Amino acid sequence: MATRRFHSPGDADLAGLYRDLAAKDLQPLWELSGLLTPTPRTKAVPYRWSGKELRELGQRAGDLVPVGRGGDRRVLSLSNPGLNGSPYATATLWGAVQYLGPGETAPAHRHTPAALRFVLDGAGVWTLVNGDPLSMEAGDLILTPSWTWHEHHNPGSTPMTWFDALDLPLVEALESVFFEPGHESAAATEVRTRSLSERRYGGGPGLLPNDGAPAPAAHSPLLRYPWHATDRALDLQLADAQGNAARTGHACLRFADPTNGRDVMPTMRCQMHRYLPGHTAPAMRRTGSSLAAVFRGSGAVLLNGVRYDVAPGDLVAVPSWTSVAVIAEESVDLFTVSDAPVLEALALYREEAVPDRVTSEPAPTRRY
Amino acid sequence: MATRRFHSPGDADLAGLYRDLAAKDLQPLWELSGLLTPTPRTKAVPYRWSGKELRELGQRAGDLVPVGRGGDRRVLSLSNPGLNGSPYATATLWGAVQYLGPGETAPAHRHTPAALRFVLDGAGVWTLVNGDPLSMEAGDLILTPSWTWHEHHNPGSTPMTWFDALDLPLVEALESVFFEPGHESAAATEVRTRSLSERRYGGGPGLLPNDGAPAPAAHSPLLRYPWHATDRALDLQLADAQGNAARTGHACLRFADPTNGRDVMPTMRCQMHRYLPGHTAPAMRRTGSSLAAVFRGSGAVLLNGVRYDVAPGDLVAVPSWTSVAVIAEESVDLFTVSDAPVLEALALYREEAVPDRVTSEPAPTRRY
Amino acid sequence: MATRRFHSPGDADLAGLYRDLAAKDLQPLWELSGLLTPTPRTKAVPYRWSGKELRELGQRAGDLVPVGRGGDRRVLSLSNPGLNGSPYATATLWGAVQYLGPGETAPAHRHTPAALRFVLDGAGVWTLVNGDPLSMEAGDLILTPSWTWHEHHNPGSTPMTWFDALDLPLVEALESVFFEPGHESAAATEVRTRSLSERRYGGGPGLLPNDGAPAPAAHSPLLRYPWHATDRALDLQLADAQGNAARTGHACLRFADPTNGRDVMPTMRCQMHRYLPGHTAPAMRRTGSSLAAVFRGSGAVLLNGVRYDVAPGDLVAVPSWTSVAVIAEESVDLFTVSDAPVLEALALYREEAVPDRVTSEPAPTRRY
Amino acid sequence: MATRRFHSPGDADLAGLYRDLAAKDLQPLWELSGLLTPTPRTKAVPYRWSGKELRELGQRAGDLVPVGRGGDRRVLSLSNPGLNGSPYATATLWGAVQYLGPGETAPAHRHTPAALRFVLDGAGVWTLVNGDPLSMEAGDLILTPSWTWHEHHNPGSTPMTWFDALDLPLVEALESVFFEPGHESAAATEVRTRSLSERRYGGGPGLLPNDGAPAPAAHSPLLRYPWHATDRALDLQLADAQGNAARTGHACLRFADPTNGRDVMPTMRCQMHRYLPGHTAPAMRRTGSSLAAVFRGSGAVLLNGVRYDVAPGDLVAVPSWTSVAVIAEESVDLFTVSDAPVLEALALYREEAVPDRVTSEPAPTRRY
C-alpha cells in the first residue's frame, strides 16, 4: 500500500488543487489541524463572578435603567472572558443576574430557550408561568420551561436579585430559537398563595394526582421547588449515618420531574449540594459545562486546581472537562445547573474523579 | 363454501371422534361454551367485610393463637364467597387483616408475591424490609415488595391490626411462587426513628438523591408513604378552586415510585381517595379487580348498584368490570389497591363511566 | 416475646373462633398450607401431543363437522391432563390445531385474548386481520392480536392444519375477556399478493416507513413473519464461526416488533430455534409456561429429564419451572410461544440452566 | 409601576455603569440585540456541491496526496460559505467526500464524533468497525458510531469515492471531542463475506437474535444497511395502492436500530427518499440542519424556493428552518442525514409544510 508515489507537497499541482478546492467551497482535511483533539478543547475559561459586585451593579442598573428597555428584562449577563465578547457564560449556558425593583413588572413573553431562576436573596416576587403564580423566595428554584409564557412581578417594597440560567447558547447552536412577545393585557396583580403546579404535584414524594391523563410535556409539571423542602432533604441525607452523604460529608440532590424522575427540563440538570467542612468528595471532571451559584456558606472552589474563594451570591463557570472541587470553610450550599441531560441523551457524557491539584495561589483576576 | 355436506351431529362417527379426542387429551372447541364471553365473567363476587368484626376476630385470634403458628403471621384472610372456599379476596388479590399483639414479632421471610400494609389504626409497630425499619402508624402505606425480607415488630404495649394486600392469586396463576424462611438470628430490637428509604427518597417531591447510580429495582425505593403527607396532598388537591378535585369533590392520589413515577410495585396500584359529601364523581367500572379499605368517614359503596354501608375498617372486594360508586355521608377517605398495572402492561385495561343504578335495598349479607 | 401464654389448640375457644371466621368469610392463615411454596407448584403437567394424531383427528373433524358450528372455528384444543378437564394447554396458554378444508371460511370475529398461528404444513390459506390479507404458508408466523378482527379463508383445493396459540387462560384469570362477532358481510374473496403490513414494515431489518406518525399499538404492526426470512436468519446465525450460535450448535431468534424490538404481543413471546445434531445448549428452566411446535427434524425433548420423542407437527406443553432440553437426531426446527413478556413485565421472570437428567425410559403415555 | 423615574440614557452614570460592567465581564441585556429572534437565524446558507466536481477533485487529491497525510484520511470537507471559512457543512454536521485509491488503507482510529458513510459509486471497499468488516457498495449505508475503531481498506483495483457525514460541529459545540489513534498493528487483509453485525441483526425485519442479553449500546448494532434491501423496501412502499407513498409518489424510509426502532445513532437520523416524477410531497421546513446526497436520478432541489439542479453525487446543505422541496425529472433517490434526533431529544423539533415559492431563476453560484 505504501508503494504508490505522490508528488511532493510543494508542487504547483498541489497549489492548484488547493486553489480549486477553495473555489468550490471545499477544504482538504489533511491541512486542517486541531479538529479532533485527544480531550475536549474549550474556548470558555473557568471563571468566577463576585456576588457582592453583582448585587451592587444590579442595584445601579435598577437605578438607571427601566426594566422594559430592550429584552423586557433588567439582566446582567455573564460574559465568559474566553468567548470573545459573547454574552455567554459557557459554551452551552447563559448565566445572569436579574434585578427587579419594588413595584416593577417584567412583562410576559416566551421563547424556545428554556430558563430557570434560583433566588439568591429576599422574598415577595412572583413569576407567572402560563398564568400560574410561583412565589420566589431565597433558595427557591423556579422553572420557566421552553415556550412557556412567563413574567415577573415585584408587588413589594424591596428589590430582588436572582440568578437566571438559560440554554440559549445551545439552542442558538442548534438554530432553534423562536421568540414571541406577550400581549399588552394587564397582568394579574393579585396572586394566589400557592401555585396550581404545587397543589397538583407538590404534595409529597411519590404522591401524584390521579385525575385523568396528564398532558404530556417535555418538562416537569412541578415548576417551583421551595427551599424549605430542599433544605430538609439535604439534612435528611446527612442525618443517616449509613448513607453515602454522611460518610463523605457531601449531600447532593437532583431536582427531578416528580412524574418520571427525569431532569426538570430536557436541556438542563439542576442540583443542590451541601458540603460540610472536612468533606471528602473528590474533584470531578465531566463533559459539558455547568454554572454554580453559591447560596450559603463560604470556602473555595478549585477549578483545574486553581483556587477561587467564594461567598454567597458568587457565580462560577465550569467549562467541559474542567476539574471541580469544593473547599468548605463553613457548610457550603451550592446550586448547580449543567447541560448533563444533553450529553447523556447523546451518549457523550463522561465523568471521572481526578487527583486534586490544589495550588496556594489565588486565582488570577482574569485568566486569558 | 356451503356446498360441502357433513354428517349429522348424532352420528356414530361423531361419537367416535369425540371418544378419540378425549383419549388423546383434546377437546372440540365447537362443543365448548362460555369460553369467549361478550364482557368479563367473574367468579368472585362484590363483597364487604365489616371492620368492627375484623377487629374483634383479630383480637380473639390474638388471645388464642401464637403469632408463629404456621405461615409466620397471625392473619385472617378474606375469602370471597364466589371463589369456592379459596382464601382469596378477588381473582388476583389476597386481602387480610393482620393482628400483632404487644411485644410480639412476626419473623422474617421473603416470597415472590408482593405485599403491602395499610395501617387502619394505632402506632408503634415497625416493619423491617431488608433490615430497614419502617414505622407503622394509622394511614401509612408500607411496601414489602417481591422477594424482600420482611418482619414485623410490636415493641409497644398496645396491639395493632392492619390491612394486608398481596398479589398472591396472580403470582400463583403465573406459577411463580418462591418462598424462603428467614434465619433464626435475633431480630433488631431497637429501630431508628426514620428509615433509610425515607431519608434518601422522602425529602420532598421531585428531590432525588444524586449519590451514584441507584440499584435498578422493579419497585419503588420509597417504602413508606406516611399519612401526614398523604393527608396534606389530598387537602392541597381540594384547595384549588380551578382543579378537577375541587370541582368534583373527589381527590385522588396515586402512590408512585418517586424515581420514575410508575406504580409502587409492578403488580399493584395503590391510591388514596377523599370523597366529600355531595361529590359528583361518576360510577366507574374497570377490567381487573381491586380491594378498598375504609380509613375514615362513613357512607356507602355501590357495587353494580347494590348499596353496602361502610364504616372505618371495612374492606370491600371489587371484581372485574363491576361498577363502583361511593356515597359520602361524611368525608370518606378510601385506600384502594388494584391490579391495574398488570392490565395496563398487557394492554388489557379498559374503564368506563356507567350510569348509577342505586337501589334502596341494603346489600344481601351473602351474595352467592 | 415468648412470655405470653396461649390456649392449647384443641380448645373450644379455638373451635368457636374458626366457626365464627367461616361465618364471616374469613380463613385463618395459620391453618392453610401450601400457599407459599419454596419453588413454583404447577397443576399442568409436561406433555406431548402427536402431530400424526393431530393431523388425522383434524381431518376426521373436517369430514364430520362444519366450520361454523360453535365458536366459528374447527379447532381441537390441547387439554393438559393436569388441568382437570379444562381445555387449556398450560396455566396461561391455549394451544390447538385448526383445520380448514378447501373452499371453507372461518368467519370474522374479535376478542381480547390475543392469538397467533404457526403454519405446520401447506400453503394457499389467507388470514385477514382488520381486512389486511396475510398469506399462510408452512413455517409462517401470523399474528391476530388482541381485539383485531380476523377471519381465515381457504380458496384452494387442499386442506390446511395449523397451530393456534392464545393467551386465553391468562386473560380469563385476569377477568378481561371481551368478544364480538363479525358482521355477516361477504368476506373478501380476492386477496392481494402481499399484505399492507408487510409492504410497510417488511422491507428489511432496520428499514421503517417514515410517512407520518404510526398509530401507537400494543402489538407489532408487522403481522406476518414469512418462513423464508426466518430460515435465512437462522442460517446466518449459524454461519458465523465466531458467533454464539455456531459455537453451541443452537440458533435462536426472537420474533420482534420491528418498530421497537419488543415482543410481538404484550402477552406472548415467539421464538424459532434450530438445534443441530450434537449441539451443546444446556437444559433450562424458567418461570411461566410455554408451548413448542416441532416444525422440522426429529429427535426428543427432555422435560424434567423425561424423554419425549418428537416428530414434525408434535406439540409440547412446558409448565413453569420445568427443565427443558432438546436432543436433535437430525436438525430440529422448533417454534415456541411463551408467557415470558408477562413474567418480565411483572418482574417475576427467572431462568436457570439445570444439569440434565436424561433417562433412558420413554415418557409415560399419560403422566398423572 | 411607571411612576419610577430613570436617568436619561446618555448620562455619565450610564456610561460609568457600562464601563464597570465590562470590567467585571458582564453585559447589559438591554443593549444586546438579536439574541431572541422570532424564528431561527442561521449562519450557514443553503448550498449545493456538484458531484461531478467532487469526483474530479477527489481523483486529483488521490493522485497528489497520500492517504496517511494528516487526519488519516483523504477527505475533502464541505465548507459552507456562510460559516466564515470553517470546514463545516451546516451548524451541526460535517459533510465530505472521501477518496480511497486502489490498494490503499485509511488506518484505524476512533473519536467521539459519530460518522456514517453513504456509498455513491463502486464496490469492493471494506470498512472495519471494531474489527468487523463491512462491505461498501453503491447505495450502502455504513455506520461508524461514536468511539468505535474504524479503518477503510480498498483491496481492489478501482478507486472509490463516498460521502462522509459526521456530527463533529455538534460534538465540538458540546466540548466533547475525544480522539485516539489506532495501533500500528497490521490491519486484516482478508475480510469475511458478511459482517458479524449483519449475521446477527440483518436476517430480516423483526427477527432478533436471542442468545443472551445484548450489550447495551447507544447506537444500532446493525452497522451496514445494504442497498438491495433499501431499494426493495422503497419499491414495496410504492407498490401498495392504499399506502401514503403510492398516493403522493414519495417513498421515505428511516434507517433504524432493529432492536429498538430508534435512530441509528443518537445524533443523526438517516433516511432514504424516492421521489417519482409528478410526486405531490409538499415543501417542508424543520428545525435543525441536514445534508442530502443525490444517489440516482435527476431533477432539482428547491431551498427556500431557490432552484438547484441536481445530478448523482451532488451534495446539498439545508440549514435550519429552510424550506425544502424536490422536483423529480426522473425518479430521484435521495439519501439524507440530519440532526433530528438531537432536536427531538431536547424537545426543540418543529416542522411544517410551507407553500412552495418556486423561482424560475437558477441558484446563484454563491449565495453570500
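Which chain is which? They are A, B, C and D, in the order written, and residues in each are numbered from 1.
By definition in this document, a residue touches a chain if its C-beta (ideal position, glycine included) is under 8 Å from a C-beta of that chain, and two chains touch if they have at least 3 such contacts.
Owing to the predicted nature of the structure, the values given are computational and were not obtained by experimental measurement.
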Where chain C and chain D overlap in contact partners, by chain label: none
Chain A-chain D separation of Cα centroids, rounded to whole Å: 30
For chain A paired with chain B, centre-to-centre distance based on mean C-alpha positions, whole Å: 44
Euclidean distance of C-alpha centroids - chain B vs chain D, Å: 53
Residues of chain D touching at least two other chains: none
Arrangement of touching chains [line / ring / star / complete / other]: ring
List of chain D residues in touch with chain C within their complex: 194, 196, 198-212, 220, 222, 225, 229-230, 232-234, 236-237, 239-240, 242-245, 252-261, 264, 271
Chain C residues touching chain B - in the complex, by the definition given at the top: 1, 3-4, 6-7, 11, 13-14, 17, 20-21, 24-33, 35-42, 47, 49-50, 53-54, 57, 60-61, 63-66, 69-71, 73-81, 87, 91-92, 96, 101, 103-105, 111-113, 146, 168, 170-171, 173-180, 218-219, 266-267, 287-289, 319-321, 339, 342-343, 345-348, 350, 366
